[in-house]
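Below are two complexes that have chain A in common, paired first with chain B and then with chain C.
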Partner chain A sequence: MGHSTVEWVYVGVVVALLIYIGASAWDVERFLDHPPKDAKVVKVTGQQWFWTFEHEDGKKELGELHLVKGVPYVFEITSRDVNHSFNIPDLTVLMDAVPGRINHMWVMPDASGEYLIQCREYCGFSHYQMRAKLFVEEAIPVSGETEVSNIPVSVQEAKPVIANN
Partner chain B sequence: MVLEVKKPRPMWEILFSTHHTDVGLLYIILSLVALMIGGALAIAIRTELFLPGNQGIIPDPNTFHRIMTTHGTNMLFLWLLPFASGMGNYLIPIMVRYKDMAWPKLNAVAFWMTPMGMALVWLGMADFTWYATPPYSILRAPGPAAEMWIFGIKILGIASILGAINFIVTILKMKHPDLPLMKTSLFVWATLMTSIMILVAIPTFAAALIMLFTDRLGVSGFFNPAMGGDPIAYQHLFWFTFHPEVYIFAIPAIGMAYELIPKFSRKPIFSYQSGVAAFIVLAIVGFTSWAHHMYATGMNFTEKTVFMVGTLSAVPASAMHVFNWIATMWGGRIKFATPMSFVVGGLVLFFYAGAGGVVNAQMPLDFLTHDSYWVVGHFHLFVMGLITFAFLGFLHYMFPFITGRMYNEKAGMVTFWLLFVGVSMIFLTQHVLGLYGQPRRVFDYIAVEPLIIMNQISTVGAWITAAGSALLIGNLIGSSIKGKPADMVDPFQIGQVYYDQTRKEPHH
Partner chain C sequence: MGIPLRQALLVAIPLVVMFSILQAAFAQEAGKVIINRVEVWGLFYKGMVIAFTIGAIVMGVIAYVVFRFRESNPKNASRTSMEGRH
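On to the complex of A and B.
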């Protein structure tokens, strides 16, 4: 047809852009997917229609979660009844709570304050108000500094981009 | 083309006909009814969300979830699929120069299964969302609505498989011997690829529906964790059918755009071959990306990477279609009649939808957008933006050929602008809502200023869309009764040859 050159150039440009985008996404996700070894474990359980939390030291919380700024946490997320999704929109934490499975997601809160925890997977009657509160508290100075230095720099760069709002 | 409505015929003659244009007309009418009643549900949902708190439009969350489920199921399986089948019925035999579909009776049976499925879905009004995810759907969803939904979808699935077999055989076996496949219209290619995809994709979910049903009866535990089953397995089976389904909806719309754009630009298609190639590539890579809906179900890094690559590999083929359309329009003498306006508007919205899709496919960004209103905005830009716009454009284009009368062009253009502005306001805004963290499928949201403002813009857009839809239906019904008789050789005055079959004998 005589059009092939311009078509191949166009497809080449599109493919090159996609490779660039895909590679940078892969690079970011590579960090986000592997929690730091010294992260503290928080067990998160969803059920119709509330969240319960259990800290490493056995302390349990219902509808509220208290974390310390600058400390990495791994959430072990599961459900007692139907699928839920554990979501802290401001910290870009999102992971499905599936009964019979334990899913992992980690976060290091980088600003103190009060955040929203909500359910993001349809789970029945009160799905829309299945919420909890996250309180991020200031660290005790000594432990806080050592924790921060353990995190790779690229992770700290990646976080603000997605936690912007 | 055969005149369906102009020549007065008793209703039963159309209802019990097996002729392809009669069945096509029935499909089109049924799908438009579904579009309007499903749209009414959407207006109710948006109006309820105009302000935080309960507005009383929808009395309680339970009703809201039933409405939301019926809206989604109805729009996908009773508007998009039947409309594409209807236009296929109308045009495929004409385009491959055969007197009818390969199996006219099977064709009529496939159509008449559709209203039955529709009745089950609408009378039941299940509450587990169109995605019926276990364990909710097997443990908590109330019957008999859930069972009615399962059997309704089962019937609709069988109907699409029968229709798909009929299209494939008509195109490949009944095509006129003098007409090579590479000389047929791209709409024929679109229908062929869609039908093949239906045959490959639907059986998986058909099996999953049976498993879902026996799980609900309690005699099996495929997806019930308490009985050793895995809810995630359902999601894989579901999305293996319904991610390709996105292309099953979109490819006929793309085929229709290939019919309209060259005619209204008064230029031949820029590259027929790359159109065919992009259809074939889409039909294949459509099956490589299903689990990008499931990044947040606890997939490991390798799985996520594989499905991200699979998802991105569908982009070049879609981009090829867009390039082909723009290159066809480039330098053409374009006539922006209603059909062309709808297609170009759909093209603009397709661009936004595609760009949003590239964002979703990125693993880290998906955790920001997944299950939020972003996703609602994103896929509605596809189904409402690209697909429904191309369908409505094609409907206006076929209108004179079907009814023998011309629709009101001014009303058609006003309809287009109302829908274009309305749809943009609803769904582009919903992307932002998602970034603010509003989850999808919610009866209510937190009363903070950004959420309220964004929801209100979105709702006003829905009302504008409702006005456009009312005008659309008024125009179609009014013009088919009282419209000016159309010039059957060149109804759009663009100096184009439409179909040789204008002179075809009406019925065999």
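On to the complex of A and C.
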């Protein structure tokens, strides 16, 4: 086996690994780009120096966001003044909040608890304390109701599954 | 200029066609419920394993080359005899 054989094997292996990781990244990004159809919309607005949230039912929140475990949410993220960035480190959510533009990011919280929301784009004097709290609550069926049909499919399963169509 | 139009088109057209077909094919599948955190970190770990594997191979090759071609290696003391090679 000559030198060139070893070199070509090496080049081939590296190229194959790069293609593999590139395809994996593309695959993951495809899913991150397309929210499930039953996802609920939450409008997220950043401004110096706090976050406000608006739910589908019109409920508004300031500095706190309450979500339900196992429900997919689409964040419609924008800013009132300068660039901010909406970050929930524990849920790997990170998306710029840009004035005059609505950026989308979706997530399905899979564990209840309290999480940090933090601005991740320097936006002025109080950027460092431009935080909010995310509360992920357990889904509780409406009392007296035996059916759980009003709860999204994703919650009914122990493990999240594909919700096709 | 550099590349003739025909050759450029030969490359560009299949690329555009392939890309749009792939896009349409994969768009069908999108909308799946995934756990963001698991997928993103999984990708990150995959990337790290690959990066460190390639890094280890490169470092191993460098270590071998440095050791094999060191000045004190007896194998490097004399020139290769070319006699009868041509």
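The rule is short, and it goes like this: the second predicted complex is superposed on the first by the 131 of 165 C-alpha atoms of A that agree within 3 Å, B and C clash if a C-alpha of one lies under 4 Å from a C-alpha of the other, contacts with A are read in each partner's own complex, and residues count from 1 in each chain.
In this section, a contact is a pair of C-beta atoms (placed from the backbone, for glycine too) under 8 Å apart; a residue touches a chain by one contact, two chains touch by 3 or more.
Remember, it's a predicted structure, so these values are computed and weren't measured experimentally.
A.B. asks: Where does A:Pro72 make contact in the superposed view: on chain B (first), on chain C (second), on both, or on neither?
C.D. replies: Touch status of A:Pro72: second partner only.
A.B. asks: Determine, under the contact definition given at the top, whether A:Val14 touches first (chain B), second (chain C), both, or neither.
C.D. replies: both
A.B. asks: Report for A:Cys123: first if it touches chain B alone, second if chain C alone, otherwise both or neither.
C.D. replies: A:Cys123 sits against chain B, while chain C stays out of touch.
A.B. asks: Answer with first, second, both or neither: which of chain B and chain C does A:Val42 touch in the superposed model?
C.D. replies: A:Val42: touches no partner chain.
A.B. asks: Now for A:Leu32: first (chain B), second (chain C), both, or neither, which partner does it touch?
C.D. replies: After superposing on A, A:Leu32 lies in contact with both chain B and chain C.
A.B. asks: Just to be sure I read the superposition right, which of the two partners does A:Leu91 touch: chain B = first, chain C = second, or both, or neither?
C.D. replies: Only chain C; A:Leu91 stays clear of chain B.
A.B. asks: Touching A:Met108 in the superposition: chain B (first), chain C (second), both, neither?
C.D. replies: So A:Met108 only meets chain C here.
A.B. asks: Would you check which partner chain A:Val82 touches, where first means chain B only, second means chain C only, and both and neither mean what they say?
C.D. replies: first
A.B. asks: Return the chain, chain B or chain C, that is in touch with more residues of chain A.
C.D. replies: Touching more residues of chain A than the other partner does is B.
A.B. asks: Under the contact rule defined above, give the chain A residues that sit at the interface with chain B and also at the interface with chain C.
C.D. replies: Shared contact residues on chain A (touching chain B in one complex, chain C in the other): 10, 14, 21, 25, 28, 30, 32-34, 90, 92-93, 162.
A.B. asks: In the complex formed with chain B, which residues of chain A make contact?
C.D. replies: Those in contact with chain B are residues 1, 3, 6-7, 10-11, 14-15, 18, 21-22, 25-26, 28-30, 32-34, 48, 81-83, 85, 87, 89-90, 92-96, 98-101, 103-104, 116, 118-129, 158, 162, 165.
A.B. asks: Chain C touches which residues of chain A in the complex?
C.D. replies: Residues 10, 14, 17, 20-21, 24-25, 28, 30-37, 72, 90-93, 106-108, 110, 154, 160-164 of chain A touch chain C in their complex.
A.B. asks: Contact residues on chain C for chain A in the complex?
C.D. replies: 26-27, 29-37, 39-43, 46-47, 50, 53-54, 57
A.B. asks: For the complex, give me every residue of chain B touching chain A.
C.D. replies: 61-62, 65, 128-129, 133-136, 139-140, 225-226, 230-232, 270-274, 296-298, 300-301, 304-305, 308-309, 312, 315-316, 319-320, 323, 327, 358, 361-365, 367-368, 370-372, 435-437, 439-446
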